[in-house]
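Once you scroll down, you'll see the structures, which are given as structure tokens.
There are two complexes below, and they share subunit A, which is joined by subunit B in the first and by subunit C in the second.
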Partner chain A sequence: MADVLTAAALFILAATAVALFRVLRSGVVAERMMAVQLLGTGGAAALLLLGSASGSAAASDVALLLALFAAFSCVAFVIGAAEPEAEPDPPEERP
Partner chain B sequence: MSAVLGIVTIVLVTAGAVLFLAGTLGLLRFPDTLSRLHAISKADNLGLGLIVLGLLPQAASVTGGLKLICVWLLAQLSAATASQLLGRAVYRGRREP
Partner chain C sequence: MTLLLDLALVAWLLALAVHVVVQRGERSAIIAFLAFGLLLGLAWVRLAAPDVALTEIAIGGGGTGILLLRAEAVLRGRGKEEEPMTRAGKLAVAVGCAAISAGLGLAVLSFASPAPTLAPAAAEALGATGLGNPVTAVLLAYRALDTLLEKIVVLLALIGVWSLAPDGVWDGAPEVKPAIVPGPLTYLARILPPFGIVIGVYMFWVGADAPGGTFQAGTVLAAMWLLVMMAGLKPPPDTSRPLLVLALTGGPALFLAIAFLGSIFAEGFLAYPEGLAKPLIVAIEAALTLSVAAALAMLVAGPARKAPAR
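Take a look at the complex of A and B:
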């Protein structure tokens, strides 16, 4: 059973690596952020599989963290990127 | 009984891995950014969901299983919001060249 899980984890890592290679090469900044999103999920899935295969329950905590970091980095990017193009907030100080 | 669980795990985990592959192929083939975003969110939600479902019978304890489900829920919520925000950023970037 453990070897099946490990094989699946390696397969997912390979698929994620191919996707990362493709996405990171493209010029669009938003696609670079998709790479982070993909890495977060693919990494979490591989971690869960490897943790279950090796019997260590701590791996699911690491996967939880990885998913969290991916989400935060995406939000940070959007807030940073959207700032200049977003509609300027109405200035409150105008009487 | 454990043989049946083993088979269930193998089938679900394989389906999850195939979905990851589908997400990756979608990412490689789709023409523009928004459809690529659509492709990777498939791999995120359903691929991870199937893998977590497959791993549930293997979980050592009930809390371990609950933690697996929490990982999937967090990934689900974060992927949804992040994809939405990314899509808006891409769309907004395109409207004002």
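Take a look at the complex of A and C:
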């Protein structure tokens, strides 16, 4: 059973990896942002499978945090992307 | 099968690391670096170090990302007149980094096998502390002095950041809100923090008996607070606000107080009275969680940018 779960985790990781590199190479910032969301979903799924395979309960806590921070990190992109468009040369930044 | 999985994970990490380095745009590199931090969490789980995995995900996916992206937004367009780095310069940096990596790799490979370990001793004394998580026992009982100094260093770092504020806005509030707050950000800042706060409190509480603890919990809470501040739902507090100062210093102060009381009621400085170790450790952890959360959020928010409201 553990082998089947590990194989499933491996398959999910491989699929996520292929998709991740495809999305990361995209020219659109919003699409690159989705790469991290993809990693959050795929990584959490793989962690849950690995946790069941090895019987370690802590893996699900790690998956929980991964899901939370994948959602959170998309905020960072929103912030970084909004600044230059809104104000290309912010006057208060210049001393 | 697990070997195949580990090899795939290593290959993926290496490929992602190379991708980060060869990216031309800073923003793309930072985004890929964020993904790298999250993926590194998986590697730590495979190495049976869930405590490290939690920290790596919280720091790599939370604080570092915002810090780097904000720094990039400030620096963008500043060095345009300067010449780009020459090929020789890039080569020198590449050789230097490769040498450090190779040296680290050699050092790790030359470790004695089996490695000298204190793990059995740490597990044996676990009963005396009443804790279930040996990592927490190391952090707050066996090596509590290191943890105490570490928390004070965080405060010193914050003082360093705050001292960069200009005279006119001294004691004022930092500015983290972008010029225009996008609608989805406001939405996320309303939806995510309730979940995040529950997860943060859970991380703190579970830390006594399972992987988790103050630092992970503090990072989660700091990220949620930053989210609320960035969306402009609640502006950052003035750096001189008594409540903020209390939250920042409360943890280390309680830790120090209990440490000194240890030399009266127990065997010495930083010793816990028998039977009371676990409640005291949980109390210290609770106060430290708030301190770490406040300190990390304020570190990312940066020095004061607005005059104090008085």
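By our rule, the second predicted complex is superposed on the first by the 79 of 95 C-alpha atoms of A that agree within 3 Å, B and C clash if a C-alpha of one lies under 4 Å from a C-alpha of the other, contacts with A are read in each partner's own complex, and residues count from 1 in each chain.
Operating definition for what follows: a contact is a pair of C-beta atoms (placed from the backbone, for glycine too) under 8 Å apart; a residue touches a chain by one contact, two chains touch by 3 or more.
Because the structure is predicted, anything quoted here is derived from the model rather than measured.
By the touch criterion stated above, A:22 is placed in contact with subunit B alone, subunit C being left untouched.
In the superposition on chain A, contact is made by A:43 with subunit C only, not with subunit B. In the superposed pair of complexes, A:6 makes contact with subunit C only, with no contact to subunit B. Contacts of A:75 after superposition on the shared chain: both subunit B and subunit C are touched.
In the superposed model, A:64 makes contact with both subunit B and subunit C. Of the two partner chains, subunit B and subunit C are each touched by A:33. On subunit A, the patch touched by subunit B and the patch touched by subunit C overlap at residues 33, 40, 57, 61, 64, 68, 70-71, 74-75, 77-78, 81-82, 86. Note for the complex: subunit C touches subunit A at residues 1-2, 4-5, 8-9, 12, 15-16, 19, 27-28, 30-32, 34-35, 38-39, 41-42, 45-46, 48, 50, 53-54, 57-58, 61-62, 65-66, 69-70, 72-74, 76-77, 178-182, 184-185, 188-189, 192, 195-196, 199, 203, 206, 210-212, 216, 220, 223, 227, 230, 305. Across the interface of their complex, subunit C is touched by residues 3, 6-7, 9-10, 13-14, 17, 20-21, 24, 29, 32-33, 35-36, 39-40, 43, 46-47, 50, 56-59, 61-62, 64-66, 68-84, 86-90, 92-93 of subunit A. Within the complex formed with subunit A, the subunit B residues making contact are 6, 9-10, 13-14, 16-17, 20-21, 23-24, 27-28, 33, 36-37, 40, 43-44, 47-48, 51-52, 55, 58-61, 64, 67-68, 70-71, 74-75, 77-79, 81-83, 85-86, 88-90, 92-93, 96.
On the side of subunit A, the complex with subunit B involves touching residues 1, 4-5, 8, 11-12, 15-16, 18-19, 22-23, 28, 30-31, 33-34, 37-38, 40-42, 44-45, 48-49, 52, 55, 57, 60-61, 63-64, 67-68, 70-71, 74-75, 77-78, 81-82, 85-86.
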